[in-house]
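Input: structures, listed below.
Two complexes are shown next, each including subunit A; its partner changes from subunit B in the first to subunit C in the second.
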Partner chain A sequence: MVLFKKIADWLEVRLGLRDLVDRELTGYLLPRNINAWYSLGSILLFIFALQVVTGILLLIYYVPDADRAFRSVTTIMNEVPFGWLIRMCHAVGSNMMVLILLFHMLSVLFMGSYKSPREMNWLSGFILLNLVMAVSLTGYLLPWSQLSFWATTVATNSVGTIPVVGGRLVEFLRGGTLVGPATLGRFFALHVAVIPLTIAALVGLHLFLLERIGVSTPPFGMDDTRNAWRGERFEYEGHPGGIPFFPNYLLQDLTSIAIYLAFFFLVVFFDPYLFFPKDAFLPANPFQTPAHIKPEWYFLANYQTLKIFPSEFVGLAVQGMAMTFLALLPFVDRGKEKHPLKRPLFLACSVGGILLWLGLTIWGHYS
Partner chain B sequence: MEQVGRRKFLMTSLGGVLAVAAGAVLYPLYRYLAPRRNIDSLGKVSFPETEVPAGGAKFFDIGGATGVVVRKANGDLVALSAVCTHLGCIVQWQKERQDFLCPCHAGRYTADGAVVSGPPPKPLGKLPFSVANGTITVG
Partner chain C sequence: MLRATRATVILFLILMVPALAPAQEEIVCISCHGTLPGKLGEPVKLWKGSIHAENGIACPSCHGGDPRDMANAMKPERGFLGAPKETDIPAFCGRCHIGVEKDYLQSAHGKALGMGGPTCVTCHGNHLVVRASLDIINEKTCSQCHGFERARIIREAMAQTESHIVAIDAGINRYKGMGIDTEKLEKGLFAVRNRFHTLFHNVNVEMVKNEAVGINADLGKLDSTLAKIAEDLDRRKIIGAGAVGLALLAALILYLLKRSYDREE
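Let's turn to the complex of A and B:
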């Protein structure tokens, strides 16, 4: 359109817009053999954006007060037009975010994308994993149902096993000895402001590192192009002769997001309470713990681990060590080989680890 | 069809699908955000006569706005909108002077709502009311 061109010209004079578009969009080249797993990052970004939007909409009607929280959520579900849709998108979306995040982490593990020179990307991603778990945990308390109240009690209790500072730490987290109105206040602030902003900042860092260092080529599939021409800007790893991000890979990402949305809406409209046990529908009763209180599915493995070890501290320490190992993986695994079938030790450990996690999760569900 | 025709057709169809999708997102969003009618203060408001003493006034919510019932010195009841016709502040009943004063810009109304002084351009709106069995019903 003529109008478009006029605006583009106006901006070109002031911002050098065409040069920016050339570098960041049409000139940002990616290897030809990128596979579908690479879309998971964009899907996560989309999910995060959706969570922020639905979260802000929920803020309009939700009341973060222990006496009124449950009632306000019921009002959103039953009286506010399409409130049920916004709320279910937010609740289902949070579970989807953790699920897709785990798949993203798996794909990075199996394609060896965490290896040098991408250690910082892995570390920022690891921190993001913890932040997403934290935002889910804090969000869980907000409806102030029996499930919210008691799952939070169990989750915050586990921190108490840390020697010396454990007790103080639990009280600090809860804003008191037990979960109560004070907990709601601080969890609300964390969930709505602190953690999402931190996630946004870290995602920015994660994407910056991705572009600066260069995306990692998959170790299988088509051969990367052999064109050797390189430009003058800094790139640790470039992909000259590759395919532009815009519009090619952007369209691929949009396709993947559309597929995700199909799956997402399938759950939202046909089985929205997939992740809701019956305790989620009862208002919190601080004097009555329900019989089979359990955390969300992504915490079941942690929960079961704590139950296995007679000493809670040992259970916590074991998990701490496992997480630390995961965080430091790029420094432990220094081999250059990225193809999973050519890394037997890695394959054995990771498949074993995944099966262990799955087994603990299933055991946690039934125990 | 030529190549260009096929492309145009597909792009138009895609545009149509995206427009429908946008509508499917924007309509619930609009309904969610639009203010709802509160069922309680909708039509009529009732209260016992005794709540309005001689020379006194009672303020209440009605139809999303504020109304007032005044019992004048001679015993007559008047039901008015309490929203000042100048810029929308709620007028106050002045017991000593038996009139209404708007605190925002000192608009003054008689007990019947007629403008005495100040910036209000119109008198206070009258509200329909009835009295039966010691109960006043406004609206």
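Let's turn to the complex of A and C:
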């Protein structure tokens, strides 16, 4: 303990450590009625870190070449010590990231935390959602299996319906007219460098905005659940008399991460093949189209939407409009009320939207 | 105007494409015979369901000819062999299935070639050739020439080993679907299965029984490998259960710690 104090004193005179700890940790107060949903962001940060670590470990043995990629993944799964565990953690983790992200988004929606002055936080989060989808899509191709190859063919084909630039866009994404070695090269660069760095930067912005503006107050357990922001000038939303982030809410974050880990390990060790149809373990064959190729579960709604409309362009446009609406939600929903039960129109639309998405996903799975 | 026309054309092309994936480049044999009615078109339909088609073995592999030149595809100078005469069938198939041809020719079946005896096609078909199994030895096929009794004896002698092979095959496929590298196992089973199935071509029940001993020993080795894989997978599950338990325990401890701090507040 004496040594610990000596180190703390050394850092104090160089960094003003005690003041930093007081401001950012023990003195950083959160609303008294904060709930466990607010810890989903920390779980996402943890998942992202795990993806980066497992991704770097995979990089040691993975070969981003069309002739050797599949074989290198087989080597990782069968010959590299604990390679199967690293690979499965990475694959299952990518699905978990999307799942937790959707829950995080829903919790922000239902608690009205996207409302003014937090529009930029919502927008940065929305961009992060798209980046996570993009990193999942690009990562899907890397094992160069039948599933990888044909799912990427279908996904990149859909972009071709955009008028005028569609054809060029498809070629740009693929590095050629068909999915091939050039596609693997650019998807690899996107997956391991461009997108993760962009995600990290946007997460930084997202957290900066959270800290700058202050944590929003949940609309539960309060008489007045309206948004108090007046918009005349910048106002940090402090919570005097609130609970300290350290150690109280940090312990909540860690508890949530531990529960997530339990669920994560359950899937990794007992049924990681939930996300692996048999085509995931056959090497890519450009001359043999599998009978049924379906995208991952989080793209099934998009896939089914494209199937519903006679024109793929219309299907794509409808989805584009829905996503644009979601992105601009803080500018559309300018109501002061935050409690979901006191916002009947919002509740109807959001529950309807969730049911629609679930319905399309289930339909997409069975169609 | 040009942009709108181009967009319309692209849209039209997209709507007309039945599948979203690019089609395999078709050989001229298929693109011609595939559209013909009756007997001329039937081989293509049958072939598409065959094990030959599954493994990329198409018309020119057996019949020769030029698969890329529609005008000259069936010219003898381009290597076209046409359909073989009955007595040439074993040699036709035997260009690839060498050992089987040899066994067949030495057998009672082979000695009856051209005199009413069966050829490869009698049991295996010509275009709808499927993966060989004991189902090929059946009363309908065998009793075309003689009573089923002698074929039934051989089939029974092979039945147990065949079900062992089928069980190992199912095990390999299950592990393949888990990312386990089953290449060596698949090759091993392929070799043993071929050795076993070609035994029938001798139509000699004593030979089948004698050879089955060695084949069963080889299948035993494959079984041991599969058992080791099963053991590894079980061990992973035990470690997994431990990891889940530890995570839940950590969650409980952290939650209780949080509660104690919350009470202090």
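In this text, the second predicted complex is superposed on the first by the 353 of 367 C-alpha atoms of A that agree within 3 Å, B and C clash if a C-alpha of one lies under 4 Å from a C-alpha of the other, contacts with A are read in each partner's own complex, and residues count from 1 in each chain.
As a convention for this text, a residue touches a chain if its C-beta (ideal position, glycine included) is under 8 Å from a C-beta of that chain, and two chains touch if they have at least 3 such contacts.
Here the structure is a predicted model, which is why all the values come from computation and not from measurement.
*Asks:* Overlaying on subunit A: subunit B and subunit C, fit or clash?
*Replies:* After superposition on subunit A, which the two structures share, subunit B sits beside subunit C with no clash.
*Asks:* With both complexes overlaid on chain A, does A:Ala322 touch subunit B (first), subunit C (second), both or neither?
*Replies:* Once the two structures are laid over each other on A, A:Ala322 reaches no partner at all.
*Asks:* For the superposed three-chain arrangement, provide the angle subunit B-subunit A-subunit C between C-alpha centres, rounded in steps of 10 degrees.
*Replies:* 60
*Asks:* Touching A:Ile86 in the superposition: subunit B (first), subunit C (second), both, neither?
*Replies:* first
*Asks:* Would you check which partner chain A:Val52 touches, where first means subunit B only, second means subunit C only, and both and neither mean what they say?
*Replies:* So A:Val52 meets neither subunit B nor subunit C here.
*Asks:* Looking only at subunit A, is it subunit B or subunit C that touches more of its residues?
*Replies:* Counting residues of subunit A touched by each partner, the higher count goes to C.
*Asks:* Does subunit B (first) or subunit C (second) touch A:Ile60, or do both, or does neither?
*Replies:* First partner only.
*Asks:* Could you look at A:Thr74 and tell me whether it touches subunit B, subunit C, both or neither (first, second, both, neither)?
*Replies:* After superposing on A, A:Thr74 lies in contact with subunit C but is clear of subunit B.
*Asks:* If you've got the overlay open, could you tell me the nearest Cα approach between subunit B and subunit C in whole angstrom?
*Replies:* 8
*Asks:* Please report the subunit A residues shared by its interface with subunit B and its interface with subunit C.
*Replies:* 79
*Asks:* In the complex, go through subunit A and note every residue touching subunit B.
*Replies:* Against subunit B, the touching part of subunit A is residues 57, 60, 79-83, 85-86.
*Asks:* What residues of subunit B sit close enough to touch subunit A in their complex?
*Replies:* Touch residues, subunit B against subunit A: 28-29, 31-34, 36.
*Asks:* Tell me, which parts of subunit C touch subunit A in their complex?
*Replies:* Touching subunit A: residues 3, 6-7, 10-11, 14-15, 19-25, 56, 176-181, 236-237, 239-241, 243-244, 247-248, 250-251, 254-255, 257-258, 261-262, 265 of subunit C.
*Asks:* If you look only at subunit A, which of its residues touch subunit C in the complex?
*Replies:* It is residues 74, 77-79, 84, 87, 150, 153-154, 157-158, 160-161, 163-164, 166-167, 178, 243-244, 247-248, 251-252, 254-255, 258-259, 261-262, 265-266, 268-270, 273, 276, 278, 280-281, 286-289, 293, 310-313 of subunit A that touch subunit C.
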